[in-house]
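In the two complexes below, chain A is the common chain; its partner is chain B in one and chain C in the other.
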Partner chain A sequence: MIRQFDYLRPDSIDAAITMKSRHGERARYWAGGTDLMLQWRRGEVMVDHCIDLTHLTGLDGIEAFPGEIRIGAMATLDDLDRATSMHPVMEALGDTARLMCTKQTRTLATVGGNMCNASPGADLSPLFVALESHCLIQGPNGRREVSMEDFLTGVNTTDLGAEELLCTIVVPVPQARREASYRRVARTVVDIALVSAAVSLTADAGTVTDARIALGSVAPIPVRVTEGEKVLAGRSLDDIGAGHLEEAAGHAATVARPISDVRAGAGYRARMCPVLVRRALADALGRLGGHEG
Partner chain B sequence: MAAATEAAGHRSAWRVAGKGIPVKDAREKVTGSLKYAVDLEVQGMVHGKILRSPHAHARIISIDTTRAEALPGVLGVVTHHDTPQNVWENAWFNYRGKILDGIARFHGDDMAAVAAVSEDVAEAALELIDVEYEVLDAVFDPEAAMQPEAPQVREEGNLRDPYVVKWGDVTKGAEEADFIVETEIRFASQQMAPLGRNACIAEWNGDRVTLWTSSQTPSELRDGIHEAFGIPLSRVRVIALPSGSSFGNWWSANFMLITALLARKVRKPVKIELSNEECMATVKRRHIEISRGRMGCRNDGTLTLAEFDHIIDNGGYGFKDDVGFFCVDNWGRAEHGHYAIHGVNTNLLTAGCMRAVGDVTLGSVVERVADMCAIRLGMDPVEFRLKNQIKPGERLRMQHSRQYMKGSLEQYLEGIPEEDRQAWPKLFHLSSGSTDEILRKGAEAFDWSSKWKGWGVPYAVDGPRRRAVGVGTGAHVCGVEFEGNVSAVVRINPDGSAKVHCAVGRQGQGSETTQAQVAAEELGIPFDKVEIETGDTDSCPWSHGSLASNTMYRVGWATRAAASDAKRQLLDIAGREFFDSPRHELDVVDGVICSRDPNKRNIRITVEEALNHFRGTDALGQASSITGRPQGPMPPASTFARHFAAHFADVEVDIETGEIKLLDFLATQDSGTIMNPQVMKNQMIGGAICGAGFAIYEALSFDDDGRILNANLLDYKLLRAADFPLRGEVIYGDSYDPVGPFGARSAGEAPAAASGPAIAQAVYNAVGTWVDMPMTPENVVTALDTLH
Partner chain C sequence: MIRMTVNGRTVDLDAKPHERLCDLLRRALGLYGVRVSCSEGECGSCTVIMDDEPVTSCLVLAMQAEGREIVTIEGLGNEDNLHPIQEAFIEEQGFQCAFCTPGFIMAAKAFLDENPDPTEAEAAMAMSGNICRCGAYPYIVQSVMNAAARLREGGSVSNTG
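Moving on, here comes the complex of A and B:
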């Protein structure tokens, strides 16, 4: 139930952080509000001060810089969907955004909010991990960077300090070609992932120089399949056969730690990990020109 | 009546019936101005909240409301100590119990309620009610609840007497068979999952009470208040508002009676508005059903035996001993058979009639067993259905109507004049319609013969993806007469407009429009001059409301009969005052009274002119308001009328992930005359989606304490429009019903029964094994494991 609260409207990022510092735990940043509103109504969070970030400039753009793309934390899922032409990796992010919720919700929900909510079932987080992304964070003591893998710490928990604000998600774009893919199993067209896998493959002169695989919805935070990555790294695209994809994907089953809940059983989730990893790898490989794509 | 001899050929002359007129409330709906109960407020209204049991089965030892009553803003609390201990019943035994009796029979059961100046205060007060419970042993599994040593949910015991139908000799049926196949399916419970919430406002004036709520069954709710409070029906007025999607959830519900109880206690109008979670976890749901069945078949494809045993869990307050078994009759050409339905109470949320009750579940088992026969024979499932499903004029296996008029059918028939009975269809025989025509038409439109590649054979394989088609059929009643016959009133006003009064639901099925079409066609006045009152029990005569596909067939019958009676009176006046002719020589066309014989006197006079002319000398006030009501006996619809659906599904199954995608879907239906094709199409596709949702995803999930874990639309997965293939076309059968208004029968439930079997069969054809519902990705993968 939503009871009385103070609405605060900072005019800068610094002012927002100052407000958060002053009002403590029961002060909450308002980004898209799509998760917060539900939690607030259900009494899962108590909010005495609502700090509205929606009008702040400098948090909402998606911009290309040399070697990286910077996604403002206040960029919406719909913005992500519309930025796909910037780079092949943005295409994977846009494809993923389109799987999430509904168009109406996507125009409100923010990328930063989605990461800060830190749902184990979040679609974007395994993909950000597979894309080597990192977060730019601002707090009372200045700015810092943390990798997405370290930013997500548990179910609905992050590395953010109580007074800090996630400002930007940085997605590196290497000189070499990088392709990514996200695969999931869901039920209806509007659903959260029962289980998911994200991969990125980077190739230089016909050889895979970097492979990253991350699983979603099978642990509190995205799980890297490092043994699987090793199967592919260093191999020539022409050499990679179905057996390699199968082998790389096979490692996914050993690292997944899923639970059973009302959406799916742990056994099913674990079993789907290799399937989804294999399919995502085949997508990325295909775009890079490999035979098994 | 006239309809019995009316030929389908008359259809071309109709001006309103059979036309795809936009629904009357379309503008209000799309602009958001239509008022549902949650939107309503009355002067001086306060708010109520219900205290819910934290236990699935418990008895209150003590309840202390002192602290709650002391909270500023609280106006009063009701507990079982100040509740009349009368039993009230919902229609068709969907609820039987006292408003509050101090016993919790499911997790979330109503235990007490608070009225306060705001919802917040009422909610805060709930936490201040001190309750000491004696926790009782609970039973959740229907089969466990049937055992004599099981915890007893109700004082009447858990088990209802079984509903049994027998014909022929099952031993002989087994002997005559060349082979027998059998199966068992345990179904999950589907939730009506209404997209809108509901509320109730109750206000007492002296010893009279008025209730505003969204309900499909205004008359039955009025009866429930009368029973629970022990007050005369004349002191109860229900004003039922549109409910939006209901599927059986919003008949009468105990929260409505609690609202009346609170309002009586605090002497102010009280509104109780349910949360989304309360709508899904405290009102009603589809039964958990366990069905076992077998069929015997000869090698030529003739069925010899049909035998089914079906268990339904009623939850805490359901009291049903039967569900829709019309699916068995649909396959009832077997000469020998038997089916039994066992109702049993459990400590789960009350279960009741959800869309196509029984014919969705038992129907899926009947269809599967029949398909298993066809598989043995290698016979095309369309052909097998054409060969073995009931045709018009054939005998129904059901041989007695239930609780007719709160008495027996025989007693009812004794009072009917022989000439009336002669005009009726033969009882316990199918009067008209079947799956025959729609299966043929549907198979052709769907290109079935080229897509069906044989049992368990997909028509396309693409890596892990298999594509295949399936066909399913479903049937359901056209209304029942369990608690009484329905009536309707049609009034012709002196300005030539008319008003229909009939108690039906407005759950998006367009009954406000289709009933008005029936009246307008019969009266011969333009559609836009006919308005309708559907919810006010002070003006609408008693009706079952919109349940058991009652609306078009039985209410429509009454509406037409009432309109016919009003028209008779009108033509008597016109004949006497203007035409000097008996009424049967006159007609009303487009609001103008004229001679049927064009060569006769060339007088044309509008209804308005006729009535106004006469009003000056109308000493008895007969013209100021002509009131028509049915003048003849209503035939017992449950003994002969059914509606039928045949659905065709094209699916893709991913055998690695178990995901099912619906690629194409064709719905066909035999409902006699289609009163409004636009409304009908919505009914058919909506029903198909409802059945498809149950087939693929929908299932309530209960924890070990009987608590519902997914009483929300995030985790309870309803199919969205985008999950269902877009095909503009549906196909209607061309039969003409001898009893229903203008040859129409009912519509809303058979489609919900046909789509699940069609999809299940398509999945079988794609992957080569049966998957039990819900066919979630996980269940598909598990079923595939049994193949290897």
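Moving on, here comes the complex of A and C:
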């Protein structure tokens, strides 16, 4: 079957939103297209109008502002890989982007597209959650913000309204030192995660002021391990021992809700959660100067 | 009509709205070195270079490539004047059936432009976006290392002469 669509090229974000409003459900925003091209060709997604965002300017930058880094939704995974020197949190994001798909696809696939596709196995989503990121969204009724935790709502679903466009992902950069880390299990270097864990630790004057732990691939959306976070928050870096990491990681097993599928069994995924959390915590702690790193 | 640069030549092409870049390059320009195999962005056989970056052209809409600079295997060299990377693949026997070879060579070109003096591990990782069903991987990595050496020496033709 030959599939066809009309091609539309907006010259601004407003023009793109107007096109979407006019053409409705079977008009689709087309970013890198690396997921959408396949979904369209397989007939999983119907597209009558392709609204190509590739030629829009101003949506693909990664820029540092006071207190935050703004990642344009059209920045590619390869752009993220190249932005690692901006800040320690960008190092974790770049290291994670480099694990994803292949070089030939990273040069096309966009960060915003990856979030909007909202795969439970998406590598970046638990890390964005652990980094307290939020999304800047534009729609027919103006702009709004939503945290990444609330942006992702289920398997391939997001908080975006029918006509809304994800424009920017904002990663806060606190005054205090923050280090993040992502660990996953995948079959090969180009595979998607079977199970993953992301952490961010913030330390001020030798004390952990904020700890965030998020699991990926074990539920429809990233899962916070809040009980595990409490084990570390408020503790001095010098005091944190192997037992604390073990205890924090242990809470991961109780909140994970993995499924069994062709890639891995639920039992395996559940057992790997604490292992990955411990590894990610040790990595982030080590870079903060803690003994157990 | 959309305009792009293909292998150094500015061309105006009549692309269909839903046409993929790989299909346009083959249909309109006869560039059959753009091999389409999996059509899912997994195998890398359709790799071309777009604005100095390798892309799987089966995942790119032709319309997205408007105004871009595309290089395919045909833009690297020809039978009478092979590119050093092509010579390296021949010398190291970096292929068997060769269906995947243009994709590997284009991926290698983009990689070596960015990293002219790689380790073997880096070369192997850089080739991880391409699949060789014959399994010539060790020879392919050797070909990339050989090509890197040739390019560093200014693209000398052969080490046998």
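As a working rule, the second predicted complex is superposed on the first by the 291 of 293 C-alpha atoms of A that agree within 3 Å, B and C clash if a C-alpha of one lies under 4 Å from a C-alpha of the other, contacts with A are read in each partner's own complex, and residues count from 1 in each chain.
Keep in mind that, in the parts below, a contact is a pair of C-beta atoms (placed from the backbone, for glycine too) under 8 Å apart; a residue touches a chain by one contact, two chains touch by 3 or more.
These numbers come from a predicted model, not from an experiment.
Looking at the shared chain after the overlay, A:R271 reaches chain B, while chain C stays out of its contact range. By the document's definition of touching, of the two partners only chain C reaches A:K103; chain B does not. Of the two partner chains, neither chain B nor chain C is touched by A:Q39. Judged by the touch definition given at the top, the superposed model places A:T18 against neither chain B nor chain C. The partner that reaches more residues of chain A, of the two candidates chain B and chain C, is C. Of the two partner chains, both chain B and chain C are touched by A:V189.
In the overlay built on the shared chain, the residue A:C50 is in contact with chain C alone; chain B does not reach it.
In the superposed model, A:V262 lies in contact with chain B only, and not with chain C. Contacts of chain A with chain B, set against its contacts with chain C after fitting on chain A, overlap at residues 3, 189-190. On chain B, the positions that touch chain A within their shared complex are 120, 123, 656-659, 696-697, 701, 709-710, 714-715, 717-720, 722-723, 776-778, 781-782.
Every residue of chain A that touches chain B in the complex is listed here, in rising order: 1, 3, 185, 187-192, 194, 262-265, 268, 271-272, 275-276. Only residues 3-7, 9, 30, 32-34, 37-38, 41, 50, 52, 54-55, 78, 101-105, 107-108, 189-190 of chain A touch chain C when the two sit together in their complex. Chain contact summary for the complex, chain C toward chain A: residues 16-18, 20, 39-42, 44, 47, 50, 53-56, 58-61, 63-64, 66-67, 107, 110-111, 125-126, 128-130.
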